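Labels run A, B, C, D, E and F following the written order; every chain starts at residue 1.
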Amino acid sequence: MRLLVVNPNTSDSVTQRVAAQAGRVARPGTEIIAVTGSFGARVITTRSEQAVAEHATLDALAQHADGCDAVVLAVSFDTALRAAREMLPIPVVGITEAALLTACMLGTRIGVVVFGRRMLPMYQEVAQLHGLGARIGGWRALTDTSPYNLGADQNAVEESIIGAVADLVDLDQCEAVVLAGAVMAGVPERLQARVTVPLLDGVACAVAQAELLVRLGRPKATSGSLAALPRRDVVALSAALQARFDPQPSLPPPP
Amino acid sequence: MRLLVVNPNTSDSVTQRVAAQAGRVARPGTEIIAVTGSFGARVITTRSEQAVAEHATLDALAQHADGCDAVVLAVSFDTALRAAREMLPIPVVGITEAALLTACMLGTRIGVVVFGRRMLPMYQEVAQLHGLGARIGGWRALTDTSPYNLGADQNAVEESIIGAVADLVDLDQCEAVVLAGAVMAGVPERLQARVTVPLLDGVACAVAQAELLVRLGRPKATSGSLAALPRRDVVALSAALQARFDPQPSLPPPP
Amino acid sequence: MRLLVVNPNTSDSVTQRVAAQAGRVARPGTEIIAVTGSFGARVITTRSEQAVAEHATLDALAQHADGCDAVVLAVSFDTALRAAREMLPIPVVGITEAALLTACMLGTRIGVVVFGRRMLPMYQEVAQLHGLGARIGGWRALTDTSPYNLGADQNAVEESIIGAVADLVDLDQCEAVVLAGAVMAGVPERLQARVTVPLLDGVACAVAQAELLVRLGRPKATSGSLAALPRRDVVALSAALQARFDPQPSLPPPP
Amino acid sequence: MRLLVVNPNTSDSVTQRVAAQAGRVARPGTEIIAVTGSFGARVITTRSEQAVAEHATLDALAQHADGCDAVVLAVSFDTALRAAREMLPIPVVGITEAALLTACMLGTRIGVVVFGRRMLPMYQEVAQLHGLGARIGGWRALTDTSPYNLGADQNAVEESIIGAVADLVDLDQCEAVVLAGAVMAGVPERLQARVTVPLLDGVACAVAQAELLVRLGRPKATSGSLAALPRRDVVALSAALQARFDPQPSLPPPP
Amino acid sequence: MRLLVVNPNTSDSVTQRVAAQAGRVARPGTEIIAVTGSFGARVITTRSEQAVAEHATLDALAQHADGCDAVVLAVSFDTALRAAREMLPIPVVGITEAALLTACMLGTRIGVVVFGRRMLPMYQEVAQLHGLGARIGGWRALTDTSPYNLGADQNAVEESIIGAVADLVDLDQCEAVVLAGAVMAGVPERLQARVTVPLLDGVACAVAQAELLVRLGRPKATSGSLAALPRRDVVALSAALQARFDPQPSLPPPP
Amino acid sequence: MRLLVVNPNTSDSVTQRVAAQAGRVARPGTEIIAVTGSFGARVITTRSEQAVAEHATLDALAQHADGCDAVVLAVSFDTALRAAREMLPIPVVGITEAALLTACMLGTRIGVVVFGRRMLPMYQEVAQLHGLGARIGGWRALTDTSPYNLGADQNAVEESIIGAVADLVDLDQCEAVVLAGAVMAGVPERLQARVTVPLLDGVACAVAQAELLVRLGRPKATSGSLAALPRRDVVALSAALQARFDPQPSLPPPP
């Protein structure tokens, strides 16, 4: 199967990192196609960048999804997740969604570690939208490290992660912990031995869940808010994205 | 004061309709500046169009907000509302948010009438994000009429609205009803006499709430997820939007 | 318009303070009529005083509401708010309700600062009744100062408020803070420059929201639990209040 | 033990009915003292009457509670329940609270039958305040019968109750049903044989729960919002009620 | 009346302790029959022991319930509570359920003290199942003492309880506190004078609530998930338990 | 990998059916070991049978789990799920849990079809325990068919399922539907073409999720309520189950 991994952050270096980790966790027959967003933030850390990325994600999907069997959105806010499920005929999985759902099978209360205190409400809104707020036992935001620089200062970052996990276990009784963010791909493997609860990152969980959905083979809904796009009148989009709304464009532009 | 009304639907006709109604309800000293989105759907009715409009809304705001005192987002999904609050130094109000908050002062259980059964989950997600789910007593989706054609078949549409309101009152004990959608601007005035509970439309409420916020004069937060954008590295955006992230761009493009 | 401000606390000094602040924030055409409750607590700080004030509030409204366009209940427990909406044909706004609803447009998580640790559950019940519990990010009760003496020891009180707001921002990620209590009228203006999030007091918000509702001009519901009082058989009330239940009393007293 | 039953409805006939039923269900050693409110509605059916009754309930308690061991509030909105717990040193039980809590031990989902469609939101607010919303499986409001006239048209009323219970069982999977209202005292016994789930009325449950609390003998809290009233400055109350706030009044009236 | 107290912990010493306390709080006419589980854990402290005890509880009830008027399940996880209500024709009360429901009448926010940090999630699931999560203001797990050894080190345990209650009052604004666990029977009486809020233990509350339900005399539901067991085909159970499913067994064993 | 499928229903025929379907959906390298409970109900349809099955499930696991890589609990109430996660060192997945979590990635509101109206509250408690109540859009209980007889009257059952799914889509806006029950294994494939939303059965989802968890390779928690059983003192269990609590039993039986 061909698995499209979309990184709407416009940073090839993160994409490569994610692609490498996705390749490590994918099953033998899975081919990873990793693409980077073509406009917007190099690293999404604000609401405004996230709003732009809603569009950029769909745009990247419109260009690259043909011929693929499933999609992983490698952005921790699960940007455009439900829109992508509507636009595409194949399964789409968000990395934070996948990590949270997988964690539900490994622990009772789930802890979440995020980078960037400012982004904490954005992550909480994601969990709320997924209807999983009742399973979250605690949040920890690591404020003084940048995920973008993770490679540069790996030891200090990892110590802060370990401290956050210990707090979630000791103070908030969490029994599984999600490390949110595409840059966390591969980190659980390195740190697992030093903590007492299962650690999960989104990329590994999402790749596995996408493979699972492909294998299950359920068809896309033909009713409801995720049904295929009807023919819609849109303007000034990229040709690939325009084609998703209007396979054979013929309407004049709006007045 | 100058009030920017942004319609991210790329339909000037809806913008004109909204602007006219906004002008009617605004206080004497309020000047309405109405602008239309420059890319995306003529009328947003799907999740994918909504995702594109997140970007288009910010883009329109970036171009037109300077010199304004407040913003009304004239799109019923409150598209990009929190991002706009982050990006701009002035108050921003969403029309559905404003109608729901205003309705809270007029009734206990609030009913909501929307156009398009397919869009119902999208509206419910908006109410949930606003934390107002506990106040909503019922929803009714009018499925067989298009809001875009409201003018063309006004009588039938209005009868269906009146029927939906009656159902919300009789079956769901609603005590105030919101008519969701920018195209509902002005409709409550025409139909109010035929129903037993207050009717509210988003445009009127949002214009009034925006005026209120300007008058209150509270400053924007300097901490948290709505604080002013830090300098961010973004690529391939319109010049106006790029400038919001990076007032004096100097970084090279990402690799 | 004429705006009736009712202070069910039986303290003229607080009423005068509230009236002055209401006058400062009201629009030019708004006339403030401020009245004080005629029985019950000088300053409501217990559940029992609040129960008495439910009656006292209606009694004051019955005497003074005629000829007014809207009402502000200047008591932080929003005492008798829904009853007043039932009894009167004009809009009624509670100060805590108004502050919370307004704060919803300025921040995501809302913090609340109250005076009196003992009263904290009462405030939480108010927020719960309004269905806004999901928006409250944190509470802080200032225990060692009396709101009644606010003028006497202003500096210490204000320092404690600033500390509470900082805690709400730093520990609970609040992005807007409500200072609960009629005596907080005007305090946000003095302290705003020293905190990082918008501060709101109930009197200013309620005056503005009442003006907004009058301008919107929605009629009162004629169905549901807020519809006009039917003719009811009541005994031993003040003449003014009795008249609200029974415009032309003719029934004999109950056995 | 001496059990004070307070009916804040100013109708001696209802008080007598309630007292008779309370006497039937009370244990042998329990003496019932039933009192009627001295001002307000003969039968509370509106929010405004309920607001007045908050005061009237405390007033009646202030006059009659001395020498009693516990109190039952025989009003289905549990009027002034928490205030009474604060004001008095003895246990206080509300009839709707008692019925709901007792029903929790007899079924999973609890149905509630109320009289008066207009009052339904008031009852729902009571259940919400008690934190029992998650246990309520359904509500039914009987609209065309008056509880006050229950004796006059007993058969028709009882048929409508039986129909409502059947609906709650069949459509909403309720497994126990509360008949709300002081006038429902004794009705479950008459109708139980005709329905498939346990029927509960508030008076019987409240009398029994009050006896239970007296027997348990837990002391009143000395901290928190239910602790004994501190000395408070109140004006223009009945002598009995005034004395609850200020055992030895000596302060001058407020300015 | 005859009240069966079942301790599914297989420890006669705990059963005796519970029986003694039950006898002290029961009304004069109540005869206590206390039985111990015949298989499983001596003291249930893990999920696995709790799962076994679901069966052991029913088994003990099947053997001993005939001739009794009501049942108290003397195990703090309210093990098999709803199954027992289904299987038996008489009222069944769980000790934690009874303590929480009773506490609802004595305070607003309820605190809970449990033994064993590991068991905390199990207790929280019990409160959630009872739909009382909204009433719980705080939890404290005493980690360094074993309830089984309570007698041996009584002073230290009691100091830790008093500290936990003080924390619940001071930090979490709790107004009544439940001491969870059958071994807490009688502890509230000893410690009550040293804390500021009512203390409740499950055994006392459950005995009293069981007596109350017997007195109320509501019949068991004949519909829903608690209705009497239909004839069921079960295998390899004790004769007593088998007989509850199949009064006159005649079916051949399954293939 | 070796996947243990435990059917705590004591019906080999259902076990064989489940095993066959599990084999069809498992990946090539997965070996299915299917075992049947050794005591309790042939088909669990009541709370009492479910309580017994809590024990029976652990007993079967204790006997058969050694040498396996993961477990699927093939019982729709996810019986003993959390206890099994505690007792065993390998991943354990419940079929209803797995179906609900998988459905979360395919639709917004999830519908659930169950067999047996009486069992509906039991299923709702399962969804609540999993913290997924907010995602469930509707329930339908098929009352007049027995899942045990599914093979005998397949057409009628399948028509009723299709009708229930259509109702969930049309009336409750569900976008994915779970068919609850081990006997539903394989049914989605047969009916999918006749409905408009993805259908999911628990066995297929659980087998796939168990394979996923094995591949992810996260270790079991060493803290919290799911950590390995400490040495516990238990009596009168099967040797295999006893050994899980006490690898080298040496304690004397309890008094």
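Operating definition for what follows: a residue touches a chain if its C-beta (ideal position, glycine included) is under 8 Å from a C-beta of that chain, and two chains touch if they have at least 3 such contacts.
Treat the numbers as computed from the prediction; the structure is a model and nothing was measured.
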{"item": "If a chain touches subunit B and subunit C alike, it appears here", "value": "A, D"}
{"item": "Maximum centroid distance from subunit D, chain identifier (CA atoms)", "value": "A"}
{"item": "C-alpha-based rotation, subunit A on subunit C, 0 to 180 degrees, nearest 5", "value": "120"}
{"item": "Farthest chain (mean CA position) relative to subunit E", "value": "B"}
{"item": "Computed distance of Cα centres, subunit F from subunit E, in Å", "value": "28"}
{"item": "Subunit B-subunit E separation of Cα centroids, rounded to whole Å", "value": "53"}
{"item": "Averaged-CA centre spacing for the pair subunit E and subunit C, given as whole angstrom", "value": "45"}
{"item": "Residue list for subunit A, restricted to those that touch at least two other chains", "value": "82, 85, 108, 120-121, 173, 175, 224-227"}
{"item": "Touching residues (chain side subunit A, partner subunit C) in the complex", "value": "117, 120-121"}
{"item": "For the subunit B and subunit A complex, residues of the former touching the latter", "value": "10-13, 38-43, 45-52, 54-58, 80, 82-83, 85-87, 118-122, 125, 128-129, 224-227, 229-230, 232-237, 241, 244-245, 254-255"}
{"item": "Sites on subunit E touched by subunit D in the complex", "value": "25, 27, 82, 91, 93, 97-98, 101-102, 104-108, 130-135, 169, 173-176, 188, 192, 196-200, 204-205, 208-209, 211-213, 215-216, 218-227"}
{"item": "Residues of subunit A that touch subunit E when the two form their complex", "value": "108-109, 173, 175"}
